[in-house]
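Reviewing the structure listed below.
Per-chain residue numbering starts at 1, and chain names A, B, C and D are given in the order in which the chains are listed.
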């Protein structure tokens, strides 16, 4: 497998879409040197967006998390999160009643700005299940998995309501050696148990890319051929980018370990345009 | 389950998206009375589009097929097919070499206008597998299933190339009593055997809806709340429409039989906004 | 759907295989009246076995749990658990090193009688992952799901070891209204994340039935035509019994609710020989 | 990956279970040198059985096919086929009516000895669907895939009957370079379309191994520790052998190509006890 220089790749495009986890940061630190990439983008007047399957916080909170780590280029308007798509869906399709959720209070606050009444699953009394009109899976933190996932199954055995999964990731990197299970994997387990179809937002789905593409078009008229998607995960970032017709870069600082990249590309058939060590120029 | 009158439902929207098979026509006839629906739309100046997972023919050929049956309202510009998305993908992502395909010559002709060299799988000599740069699954007709599907598996064991599925449907109605297996189901079988991920175009994927939505926006500025999706299949039409934020109608003239509609809605959790006997006003 | 009288059904067979949860008991009580069934079996000299996907306790502990509830007919030798099969597998296939597990200490004690060194996942230091030679998923209790399931994923990213799932159930009844997620569903989630194949023991797999059938043959020479399997779950009890060539009874006191039985039988294609309200004569 | 000498491995066991395709033969020839293996077994008085997911012919026909190729050690009693298990199931569970089938007349003849009336799907008139009490998927040859698979779907939309899959293989080797899709893969496609659960016989299911183990026990009292399973496919031969508690050998003359063996073992987590170039001593 031939590794390309990220700088030489990025120089060929006008707009860059970045995944967040495993590309720009891990659980609690920036990828070392990533600041230089944003200096480079600024100097060369290249536009960028961060496309993240992170529904646990608002764009403002997400931007703040980069600022605290010393990266100030990322502002709320640079961020497109699957939570934004989930919120738009709820605004269009849920009329009233209670929206139950799995996740932290912070993630739910994000829904409350729609005027929807929210309730953490842990506080739901199943005798009042009939008041729940939608269920949203937001985040893997903020609830007791054993107790609340069983409660979720019982709610869905009683109520035929839309279930929205605001993060399709199955796991995310915690450090260079370890990962954590994400709400997307939990959602699949529940879906399988109750035999129902949940509504998912996030890469590789086209909606994330279209949302980002529309932001680009508001600023300039760039062809898809001049947009590059950079990600660490074949099944979300690379598949989604490929499918939307973009060129793609797989970086090896997150979910895909260097020694397994070639095998994974071969066995999945998901083929990035380039493979780079990292997104650092 | 309460059935709604299609006329009273459609009167509330400005733009209607129709699925084709099982909604407007079956294999070789129109749904009886469907002509009246298009008269109604014309009289009330409601816009419409046909969103079809049919990659076997060009929009012109598809429009002609309605004209031959006596329905003249549907013109090439009214039609958005998954084949159009597949073609756009190939134009963006495949640079040269041969594109092998499963389907009829007519479906391949559609790719040739891109300047790509096409070859039916049946004529491929596997000793020249290295010349094939993409594989497209277009149609369930036009090849010998037993022989050519095994050949497809052998091609994909040798070549790590993108595989495009231009129709995600698993089956389509032939008459009110019987169905035919579609290329989408065949694609899943091959995917499972070779363990690779294919690139699919068609409902329920958002791209079909976005493509249609962009056509709408070229004409007028209509909110998603005023667009209605009409389909006969929960997993494609209704799921896709719901997910894109549209109101949806399930009609019972195609894949979903009247006696099983309620059970299917309950067991899948895919919930249409309305259920109507047919799309006839 | 025609309901049969359990007494008239059971009278036609010489040996009865019972599932436990949802047939004989729920989480903490006996199914009301089930004692009469065992009186009937005793009077009519019909043999019986309890086939349970419960790997959380030894046959002795399981028998004790019935005695505490006042049912004395079930003795350790009447019980065939998936944990017994898992233990036999470990005895044959794991030579040394540590066996890590998810479950309670009580479930692990059961493995220790093989002389294997066991360690709860929660106490595993991943720097010593190389000492782990097998992983066993025993029970849904006894660990912190969020923390320990992520740790399990990280162990399996480092070590290519056999993973044994000693309970294939996806959920089990807690009361007539609610269920709890079982370790079998958790196993599928982990399997999906790490992309590996786990070794499962429990119904519907033939091994449970063969193990029971061999016990029967030690006592008498009974044809399969005279053995009846009684269960509350189509995918485990009924599918497994059918496949082993036994006649089967679905009872409606557990996982399959009366109002949904007919639909589930129709949509799954898993067809019990009889449906009875309960296993009470 | 360390390759072991097949002779040194086989010398440690008393009874050998062989898979057929890819281990003893390919589509139309013996694996070169395999005759020496059977000489060796004869000389050293080691017992053997052939466990094959081949339901297209009777044990007598299968034995004849080896004799025609010059290998006379394999007699009908040495062969345990998934077709034998499917036949036993039909004898126990289907009382009358017609058994429809996909496969050749030769494969159906095998069912007729039970006294069951059989009908190839291609000759079924769907107006008489109510006379069909079971459907058996026997072989990938003997029918028109496009026409008859759609007919199969339509039969199963009308009738809630048991469907038996007598061969779980998804593909089989035709030569050292190419494979052919087997009925097991076709079965999964149909199952997925109709949403029903089929009854499968064949490796990796325990029933094949138990059937073979019982034959062994009729002759001698051999511990499982002295039985070796030899196969070319991880998901059937090796998984099934491992799960039944046997030591296993993966050979590289069939479905698993030498260059991909290590990766497949790692990514599937199905770990053979040994890997050998072939089953030739």
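One rule holds for everything that comes next: contacts are C-beta pairs under 8 Å (C-beta built on N, C-alpha and C of every residue); 3 or more make two chains touch, one makes a residue touch a chain.
As the structure is a prediction and not an experimental result, all values here were calculated from the model.
Set against the Cα centre of chain D, the chain with the most distant centre is A.
More inter-chain C-beta contacts link the pair B-D than the other of B-D and A-D.
In whole angstrom, the spacing between the mean C-alpha positions of chain A and chain D is 44. Note: centroid distance chain C to chain D, computed from Cα atoms, is 28 Å.
With each centre defined as the average position of its C-alpha atoms, the distance from chain B to chain D rounds to 38 Å.
With touch defined as above, residues shared between interfaces to two or more other chains in chain D number as follows: 267. For chain A in complex with chain C, the residues that touch the partner chain are 126, 140-141, 144-146, 149-150, 153-154, 157, 170-171, 174, 177-181, 185-186, 188-189, 192-193.
Across the interface of their complex, chain A is touched by residues 263, 267 of chain D. Across the interface of their complex, chain A is touched by residues 88-89, 92-93, 156, 160-163, 194-199, 205-207, 210, 224-225, 235, 239, 242-245, 265-271 of chain B.
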